[in-house]
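Data first, discussion second: the structure below is written as structure tokens.
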Amino acid sequence: MIPFPLPPVLTEPLIRRALGEDLGDAGDVTTLATIPPGRIGHARINARKPGRAAGVELAARVFRTVDPDLAVAIHTPDGAPLQPGTELMTVSGSARSLLIAERTALNLLGHLSGVATATAELVREVEGTGARIVCTRKTLPGLRAVQKHAVLCGGGHNHRFGLHDAAMIKDNHIVAAGGIAQALSAAKAALGHMVKIEVEVDRLDQLEEAITGGADVVLLDNMTPDQLGQAVGMAKGRCVLEASGNVTVQTVRAIAETGVEVISSGWITHSAPNLDIGLDLEV
Amino acid sequence: MIPFPLPPVLTEPLIRRALGEDLGDAGDVTTLATIPPGRIGHARINARKPGRAAGVELAARVFRTVDPDLAVAIHTPDGAPLQPGTELMTVSGSARSLLIAERTALNLLGHLSGVATATAELVREVEGTGARIVCTRKTLPGLRAVQKHAVLCGGGHNHRFGLHDAAMIKDNHIVAAGGIAQALSAAKAALGHMVKIEVEVDRLDQLEEAITGGADVVLLDNMTPDQLGQAVGMAKGRCVLEASGNVTVQTVRAIAETGVEVISSGWITHSAPNLDIGLDLEV
Amino acid sequence: MIPFPLPPVLTEPLIRRALGEDLGDAGDVTTLATIPPGRIGHARINARKPGRAAGVELAARVFRTVDPDLAVAIHTPDGAPLQPGTELMTVSGSARSLLIAERTALNLLGHLSGVATATAELVREVEGTGARIVCTRKTLPGLRAVQKHAVLCGGGHNHRFGLHDAAMIKDNHIVAAGGIAQALSAAKAALGHMVKIEVEVDRLDQLEEAITGGADVVLLDNMTPDQLGQAVGMAKGRCVLEASGNVTVQTVRAIAETGVEVISSGWITHSAPNLDIGLDLEV
Amino acid sequence: MIPFPLPPVLTEPLIRRALGEDLGDAGDVTTLATIPPGRIGHARINARKPGRAAGVELAARVFRTVDPDLAVAIHTPDGAPLQPGTELMTVSGSARSLLIAERTALNLLGHLSGVATATAELVREVEGTGARIVCTRKTLPGLRAVQKHAVLCGGGHNHRFGLHDAAMIKDNHIVAAGGIAQALSAAKAALGHMVKIEVEVDRLDQLEEAITGGADVVLLDNMTPDQLGQAVGMAKGRCVLEASGNVTVQTVRAIAETGVEVISSGWITHSAPNLDIGLDLEV
Amino acid sequence: MIPFPLPPVLTEPLIRRALGEDLGDAGDVTTLATIPPGRIGHARINARKPGRAAGVELAARVFRTVDPDLAVAIHTPDGAPLQPGTELMTVSGSARSLLIAERTALNLLGHLSGVATATAELVREVEGTGARIVCTRKTLPGLRAVQKHAVLCGGGHNHRFGLHDAAMIKDNHIVAAGGIAQALSAAKAALGHMVKIEVEVDRLDQLEEAITGGADVVLLDNMTPDQLGQAVGMAKGRCVLEASGNVTVQTVRAIAETGVEVISSGWITHSAPNLDIGLDLEV
Amino acid sequence: MIPFPLPPVLTEPLIRRALGEDLGDAGDVTTLATIPPGRIGHARINARKPGRAAGVELAARVFRTVDPDLAVAIHTPDGAPLQPGTELMTVSGSARSLLIAERTALNLLGHLSGVATATAELVREVEGTGARIVCTRKTLPGLRAVQKHAVLCGGGHNHRFGLHDAAMIKDNHIVAAGGIAQALSAAKAALGHMVKIEVEVDRLDQLEEAITGGADVVLLDNMTPDQLGQAVGMAKGRCVLEASGNVTVQTVRAIAETGVEVISSGWITHSAPNLDIGLDLEV
């Protein structure tokens, strides 16, 4: 999908938190001691490695939060592919403001583009199979909303956002409820009609019970491509099948070719390396 | 150093934010539909890969924030080495509370132990050289304090915490001030007597000017081990020398053997992969 | 379903906000001037009208937030039916604390029990039909989570919690997308596999297009029981049907008897009158 | 009085909270999937029932908070009477922004206009008697400031805003202090010279003691018009008399005609039904 | 009056803010490097100068916020007189926690006891005259509630808490309204029946107009004792008279002896010097 | 140094807190009752006593926060000397907005200019000696950042901002560590290379141990000028020497003439009297 900008009311607290970490109570002591107030600067933000852009609009908001008089121009939007040298944005105005905002903007941009790039790598591998790459709840604390946005920028899709917006019945729920059928029945009775229900299974013989019980989605955890293929055959389209576990750039194609519709990866959010993006400033 | 616990007044907002992302306005709908209120559970949190522990006390606070009646026992403190199977903590009490807290606790634990583990890898490489591994301001937004703590858990040290607590004179400051000597002179006049001043240089001929100007620390950016060795010879202990750029597990030993005292790495905070830590729950 | 307690991390900000409105910067000036610090009091909270309890646990938290030394005993849990005289809770301890907390506790209790009572009236009317009563997004600002909880206490179910956790395609979305089929297709491509999609229609001829396009739920807005009955016949169980518009105690039975599965009402959250609940205090 | 706008610093947190409930971490998923970014829309907000306007300026701020580029024109200010079809405001700009803000704006507008309308009904009944209709502390948590503003919009007046800004001596205070005279004496000694003191009595024989003790206002709780009339005769203007209890559209005129100056109603804030106000959007 | 403790829900944000200023993101780096975790300490907090205690309970909460396991004993409550050596409180427990909390606790204690001491000096001067010493809105930002509490501890009384809880008609209001009578009339029409109205006058000929217009209180600004005496004679008890301007320890007795009931001082809140209170720690 | 403006992201919460104290939930009831909405006013803010300006930019932000349409012109920047009559700023626009913001702006301006003025008095005394006047952690809760800024405006310098940004080894740390050498050694091992370390001594024989142990700064507490002179002779420039204790306008010159480089004073932040600054408003 075309990634869309998160509303500023959502991202403003994150930006203020991040700036607050850097500014403390004293502000940027180096800049204030060495850069005259009226000095003007021009900053260019460029990719230094290939990848996928995410957090560009967010970085622009960092600059504007520090100083509404900075002129920010976005040249490469969220979701666009990056090559070394691709110019993401230019910012002009007070050199002090540029230096104060630089690191916070780059930290967001580098991390989120890293998540988008990792996602895009998996997405490219499964091209043509019809399988979707989705993220999980294995996100970094305080960054879930922006990481989920970065996954979209990488061509992936979002799984549920938290414990609150969809049901996922796992082994402990099944044990406590007395079985898959009982757990599904309890969930259907308790939950609203707009809540999808997924059941996590780790054996093929559980699949039929989950489908019969009315699961919208079944998560096949840590299965081999062989087992996944069997599951696709058993399900016959009666529910959405999601594969998880051991999803890497090396393994994902084989998983996708089994016919599962969704492949989830914690790695793209909890372990994606930073994408190298730099800021060149002329003062 | 022996890593110390961050005061709860510092970590409470982060914990509440992280739990809020997961709970939304509806809470854990699956658990509430399938697990009876009185059900008791016992959770064991174990490392599944070798590494270094960080965030254990923080994870304990997550459980206690969700439910003060949970009994939490820490078996492996922050800073301890981990092997597959090392038990970090056990938690007993309401199965509902355990399931609600699980993912938030593991996300913190896995990420921070990942940072500590990455740090420890570099620290191990430089053993015996006297060089310190330190982190940078290239941290993840909202997580700086806990990432800096994790670096200590891995045997590293902290660089400045932000723009506010120490001065770092970089190329743009030098240009705007009219030279290294002028920038140092301006900084010394403006800043308090408890603020250390570092100058970043990328050519050896700048080093002497920085030392003469009174820099406490000089950052040698992107230099070869050869150049670093020359810098150590030139400095003769008159300032602390810090090396940065291209610091990897492969290169760090050679850098340390040049005699620089500090080696800084952005990778340990912006790109450390998650350490695999799992929770086994019996209900 | 059995209504469950909202986690304290969710309700604490609301409680503090409400207490803050009452206490301002000066606190309870009357009580502090007239009640000696050591004075003990015993409070009984009773229903004065028949209805359904909601907010009991929340009210208990109000008392404990004001003074952790108050002894609070809940006698009637959330979701229970109330008769005039039913005792909901008793609280003993510092008379000052009891008086400070009283109004905030009663405001929450009276409002939420009002919502539960209104819900229960509709639920009673549709008994035996299989139809569910659900709330909408027409909630009071800042109270959505607790109002949705109160709806559960009244025997109702929750619709989506906001714009974020499920999709609802309305007339404007249809116009902008170029038709129901196009809007559904765009939504399915863009949204995650755990997001349910509902389409709002106001003419019967739109229903088939919505079902064919793959809507999980179709909202039949402002239709007569006759039209609703036709819709049930047309849908043949291929999607969930929801009726809305003109839902009152007088009309709801006829709507339910058409066979729709879900009936939504804004009235139960935006217009439910307060349930009269009083606190008798002996000092 | 002419109702005045609440300062934005007061209302901004409420608006952000309300938008946050609706947007969660994912935003308006339906709109973003189906409405192209550049699409322009025109919204008209009209009353669908007769009543009194309140919250118009607040609703305008909701739209501007979501998107400062929306053009908002207010046609009917707070406090004005409404007929079915009265246009309150028009808003033009990004269709996405309009759809994101719509429900939050309407929820505030409908609720506060409901409060103003309920107030105006009582005010109309007492026209010509000189009695004032005032609200109480029986408000909805988090909404006190805006509900009190809505009461002004309906032609009513405000009672104290909380426990902090005026004293109200009730039965428990009297018991603990040892009598009305003692409680008043304690309050006068303890409280500042800018704090008014009211005494609540439920028997006529308490009135003289309250007046003699120096009460600024006496609240006559749950008295018949007859008793109220006697109280007016006894007080002879030595204090302000307030009547409360059983105040309805049916009873309020008789109460007002007894000559009491103030009549307080909890119903106008805790039970006022929503006023039906709709938004018509062309995209 | 007997000063009363501010509810913890009011003071908790202030305490957290103050601790946050001191702890930053790194905590107490000195203590953590030099004091072993298990080390126990005993702290005694003593006055070093004579004065009046305020903030004792608040300081106790600072220690408990840092570490709930600290044993805090209050020996001298808020409002008590202090001599050099008077022991205010003792605190025992983790030496680390004691050192972390020390400065924040002392900053609050020293400042608030300074305010109480300054107030008590004025109160002592006017003893026997019946005049009250009150504070103003000239408080330090963020500290109004606790400074107003400290004034009570010093034997003073509170003026209004802000612009919101009482009316004060000053010259600009008079000019804009067209005169004192018009301003009073507008205020009485607009404001609630629980709001007191004060008029500020700087000429004696305005006094009668203010009384006739129904002012509850008249502020006589910058008048000589002679003029104040005339005002008392003119008012004949028909309103409360408040004197302000040039109120010092030297002048206040003469002002009080004129018969005014209230004397207000900005000095006691905006300029009170810190009272020297020290903490002796044995580790 | 030239005092620099604090970034708005740092000062906005303080401004909102201060305005919130004054506005409560009801706003400025007097102004709203007596001043018509369209009334325009012109305010001049002037010094009434000689001193030093601080908080001017902050006060300007107060006016703009209340009403972005106010036209604010700064005539005397932070750090400039003030004479009675010096015009600091003029503000024009809505008379209502001017009156609402007035007291909050003046409270900040008067307090911070008081701090700057007190600092400037000490700075003037030491002119020509080369000694710096610095503040301490004895600041008012919630105001540390702005008080530290005011110290710069007075010509002083800042000491550390809190426990987190520099180390200060005091008697208890020395006792617990087993001596000055041990404490310094522990601190150097534990702390980052950008953290300066100061040791507080109260006897001259401790000085050599502190220097030998590698202290960057030594605090000489409560020593006579004679002792301070000896210390300067002993140190021979091997560390920075700071004097504290009994620092007053009377004593500071003698202290400075001993040759110490830094003189710290708690008085300039915890006891500086308000500088009289007034606002004249024409409506």
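For clarity, chains are labelled A, B, C, D, E and F in written order, and residue numbers in each chain start from 1.
The rule is simple: a residue touches a chain if its C-beta (ideal position, glycine included) is under 8 Å from a C-beta of that chain, and two chains touch if they have at least 3 such contacts.
Predicted model, so just to flag it, every value in this text is computed and none were measured.
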item: Steps needed, at minimum, to go from chain B to chain E via contacts; value: 1
item: Chains contacting each of chain B and chain C, listed by label; value: A, D, E, F
item: Pair exhibiting more inter-chain C-beta contacts, B-D or C-D; value: C-D
item: Same or different contact residues where chain E meets its copy chain D, judged by the half mark; value: same
item: Chain pair repeating B-E, as identified from A-B, B-C or B-F when over half of the contact pairs by residue number coincide; value: B-C
item: Chain E-chain F separation of Cα centroids, rounded to whole Å; value: 22
item: Computed distance of Cα centres, chain C from chain A, in Å; value: 32
item: Chain centre separation (chain C, chain F; CA means) in Å; value: 51
item: Centre-of-Cα separation between chain D and chain A, whole angstrom; value: 44
item: Shared-contact residues (touching 2 or more other chains) in chain F; value: 1, 21, 23-27, 32-33, 100, 144-145, 158, 161-162, 164-166, 189-191, 195
item: Category of the chain touch graph - line, ring, star, complete, other; value: complete
item: Interface residues, chain C side, partner chain A - complex; value: 1-2, 132, 134, 157-161, 164-166, 189-196, 198, 216-217, 240, 242, 261-262
item: Of all residues in chain E, those that touch chain C in their complex; value: 1, 4, 6-7, 9-10, 144-145, 148, 158, 161-162, 165
item: Of chain B, residues touching chain C in the complex; value: 16, 19-20, 23-27, 32-33, 37, 65-66, 100
item: Residue ranges of chain C in contact with chain F within the complex; value: 21, 24-25
item: Interfacial residue positions of chain D with respect to chain C in the complex; value: 14-15, 17-18, 21-36, 39, 41, 95, 99-100, 103-104, 106-108, 110-111, 114, 137-145, 161-170, 172-177, 183, 186-187, 189-191, 195, 266-267, 270-271, 273-274, 281, 283
